[in-house]
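Below are structures written as structure tokens.
There are two complexes below, and they share chain A, which is joined by chain B in the first and by chain C in the second.
Let's turn to the complex of A and B:
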């Protein structure tokens, strides 16, 4: 226990020293930078920055949940990015063409995003089961077609030419996700919270969640016990993809109100989500704070850049260090078959 | 080289793998070390080769006490070992592989391949090995690769060669070549240790034979002072344990039947397998591991498709059903590999104890499970089978081998299925757990279940089975009544590897 305490202290000291020296290198004031960081993450007039953090946290947490669901079933789905993009594109497409708006319309648009992304994720599963392409490789490589298909659609068939950008037309206002009264925060994060609760139930109380976990822990065990592992794998991939698709649809309907080329790729939502899920070693309830943590670092970094003139890359370096420290403490996610004693 | 192991003991946790073993190896002698799988042969030799440094006792080389820090020490002192799995660089030539890590260098520090090639060729010629040193290892046959491994040792001037199951992968011709080379080494005064469980080879080539059983040295004699029967007796263990009390059963109804089943990956000659297990009997399948037991069990459980034939569980065909359908129909399975197949080590006892029954109405409505019922069920298993574990929420990884296995056995037997397949159910567990597991299997038999016991342990097979088949080289012998069969007879059948006359013998063995 004392050993853990010491290593925690040592890690914090190292972080602080690195942070201070980086800020010194950037020729900025240390305390001013820290203040700017916290204000950027949690402050602002009427907590405006905090609301930005929450909105970002929702997207990152959503992607972390998507990664978590697949990883715990032993499916290394690192194609969240592609599924996110396909989900966003599909929902933008449906939203633009939908003749009606309102809650029913919003529901349909979200559903479209989930279905499209779920199907996109299943492609990797099919490639695995029938062609032997590892899930890791299949999902990763499917990111590229997804990205460029979206690029093509927003540059040509769906392009809003008058805007001069590779992006779709603006979506009808009646399909936008409503804002929380008195703020500029849309209700997308509530959807994510809802999904989070469902996933907790799924992980801790459902037969499907249990069977997926067993499959992930040992596929031979699952097979010999009579679990239908192929079916479980495909279903889990579809579920993981659908959640990524929902995140894409929420970003389209709540945040951007259109699909702009690269808007879901550049902020690295999917990859940050994967890192968040791994950082907490796939403990379901912990992805929520992990997602919030990363969102806070990102918006804090922007705040620091705005007011203290410290490049936001510094915060990203600190984030990287934290991940390294945490990852070295939680080795259970991937090496569960190494060093098995009798 | 003269080498001695002096009162060597090796413990893995509470498990004693080698118990106070003393052995001596003389120059110009082929010393065979025999025993069943897990008897401690390889562990004892890994001490001599420096792979295992955590032991009690002494290593004495040429009358000097030595203690290795690593295999490198042993190698520089002239001890060399060829492992069962070769350690060669596929894409490099024979020469490059042989001199790797002890390359001759010239003044400028470059590898002098000319010098190396000359000395390697000298070795090849003087021991009459059949290798071309310019060939790439990837182009070589298994036998040639083994020769390269041996050449590596010769190049490093090893005087004591340890060969771990060297013939396991060889064809008969390659085997003869190997034995010829070994005779040449012997003539040049090297000591050779042959780890094996094939008695025929021992009789053919060894000068001295040492037998190990469950970590103990049973005997160490010159070949001329012992006999094949005595060696066999020593390997298996002279006395059988007291039989567990069992009811007299008069099995009439067939519980499980295989009719002329051909299983892919089983034998070179695809001979169909037929097998019957009556309700209320234990049918044992004896055999040295790796003779086709795994494919057979996988085929029955449903993890492997069969090519032809039929399998019946209570007179209904199950050949086309998947694992879960077969389990529902009345099958439970205690797998050999509890670490990977029997359990999910990072899941809790609760999660492990209900895996194939989670969809059962008792535990769930098909969507949500009832945690209370699951916990109660696993607590019941833990107390009934005397499983030692912190709480049922603990991870299975934290349990000892015996307790892990008891959990697997408890889970599978508790379902009270008509057919129980037990594959090496007591492998690597302590004696107390062995007794408990054996009792439970007998109890199931007495209750009128059909039990198929696949085991490498002759004692276990003889002690539990009503009828016995022997599996060797992918073929199943006719069933023998366990009252009529002797351990020697079984041992002979099991150990006659690659023996072309085996099938004839098997046919003659019909009761």
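Let's turn to the complex of A and C:
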């Protein structure tokens, strides 16, 4: 116990030293930066920054859930970014062309994002099962085509020429996600909370969730027990992709109201989600606090950039270091030999 | 149309574009052979590219820039070694973390040290000198491929040939392969496999650092945020496809270099930029599918034999 305490202490000290020297490099005041960090993450007038953190946390948690579902089934889907982008693009496309708005319209747009991203994720599954391409590399390499396809659509066919940016037209107001009264927070985070609850039930209480976990722990055992592992893998990937697509659709309808080139890639939502899921070593309920934790780091860093002149990329460095320390404490989150393409 | 793509300048650009990927892939190959599943090549490369610009800017010398790039690559490799070899971190998780740290650190330092965001360019950045080879440069087409390149080009070609024999005959090369293929045998022979893997990682870091230097202070002479832009991942795919063998690796890298620079050329014919930029990634996906499918079929066909 004392040993664990010491190593925790040492890790925190090292993090703090890195943090301090980075701030020193940026010529900023240490205590002012710390204050700016907490204010940026949780403070602001009428807790405005806290609300930003919550809406960011919703997107990151969503991506973490998407990663978690695939990982626990032994499918190393690190193509969340591509699925997120495709989902966002599809939902923006449907939202622009939809003749009606209101709840039914919003439902349709979200569904479109989920279906498109699910199909995108299944491509990697097909490559794995029938062509033997490792999931890890297959999903990763699909990120780039997704990024460029989206970039093409928003700079050519769907482009809003008058805005001068590579982005689509603004979506009809009736399709925007409604705001929580009295705040600037949209209801997107409620959708994510709902999905989170469903996923908890799926992981802990359903046969399908148990079978997916079994496939992840030992695919040979699952096969020997008569499970249709191919079908389970494809379904799990589709589910994982669909959740990523939902996150993309929520970002489009709630946060940005249009699709701008790079808006889902640049903030590293997908990678942060993966890191959040790994940090809690794939414990389903812990994904929510982990997502909130990383969202707080990111918006705290934005606060430091605004008031203390510390570049916000400090969040990415801290995030990487945290995951390094956690990874060294939790040897393997995966029992599968994913790297060999097995 | 074909003549306007394949001119001497094209041969030159194939060579220039290929070197960073070649160096990174060589580093990856060493790790692959030594049984370290290293998919942090992207991060190593990016750190090398940034440190090259940093060193070159502050010392005004390309040599120091290149050396600092090597140090940058080795630093990230040490981080990898600490968390994967000395502590029991999962290589994939450690790789993801290192890629994030490289991206964050290079962008952060770009803004903290140079006070710019996006692109950093200055007159003080010295580029690596190009070498003209007297007779070869007069050969049509191939001349501009083999002559007038940076020192790193010739160095990387030499390393490929060296690596081929190194893995086959050199004591360390054989130990490296043993660490990857049969750890227990190596340990039984009295050699620590962790030590061998550590050496492999350091070599990989140094090679990726060199690749980064080529990327930033030879090809262009400036640094852009996230400059490696997926090249490290392409190198990872090449390593997986070739199984870390040096000569096939060289061929595949030049194939990618050709596709990449051809895709730059066809932009001139009015193809959307996004489709041409996507081509290297699609090509690596296709190569991967081809190799994996053959392996899958081989395993299926020989299942009966191997089970006997």
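What we mean here is this: the second predicted complex is superposed on the first by the 333 of 342 C-alpha atoms of A that agree within 3 Å, B and C clash if a C-alpha of one lies under 4 Å from a C-alpha of the other, contacts with A are read in each partner's own complex, and residues count from 1 in each chain.
In this section, a residue touches a chain if its C-beta (ideal position, glycine included) is under 8 Å from a C-beta of that chain, and two chains touch if they have at least 3 such contacts.
In this text, all values refer to a predicted model and were calculated from it rather than measured experimentally.
Within the superposed three-chain model, A:311 lies in touch with chain C and out of touch with chain B [touch as defined at top]. In the superposition on chain A, A:183 makes contact with neither chain B nor chain C.
Of the two partner chains placed around the shared chain by superposition, chain C is the only one that A:324 touches, whereas chain B remains out of contact. In the superposition on chain A, contact of A:225 is made with chain B only, not with chain C. When chain B and chain C are set side by side, the one touching more residues of chain A is C. When both complexes are overlaid on chain A, the residue A:141 reaches chain C alone and has no touch with chain B.
Legend: residue contacts after superposition of the two complexes on their common chain; A:207 is shown touching chain B, with no touch to chain C.
After overlaying the two complexes on the shared chain, residue contacts for A:131 are found with chain C alone; chain B is out of touch.
With both structures placed on the common chain, the touch criterion links A:149 to chain C but leaves chain B unconnected.
Residues common to the contacts of chain A with chain B and with chain C across the two structures: 332, 341.
Considering their complex, residues 205-208, 210-211, 213-214, 217-218, 220-228, 332, 336-337, 340-342 of chain A touch chain B. Only residues 22, 25-27, 76, 78, 127, 131-134, 136-138, 140-142, 144-145, 148-149, 151-152, 155-156, 268, 271, 274-275, 278, 310-311, 313-317, 319-321, 323-324, 327-328, 331-334, 338-339, 341 of chain A touch chain C when the two sit together in their complex. On chain C, the positions that touch chain A within their shared complex are 37, 39, 79, 83, 87-94, 96-98, 100-101, 103-105, 107-109, 111-113, 117, 230, 233, 236-237, 240, 272, 274-275, 277-278, 281-282, 284-285, 288-289, 292-293, 295-296. Against chain A, in their complex, chain B makes its touches with residues 12-13, 15, 301-303, 322-328, 333, 335, 337, 339-347, 351, 355-356, 358-359, 364, 366-369, 371, 397, 400-401, 428.
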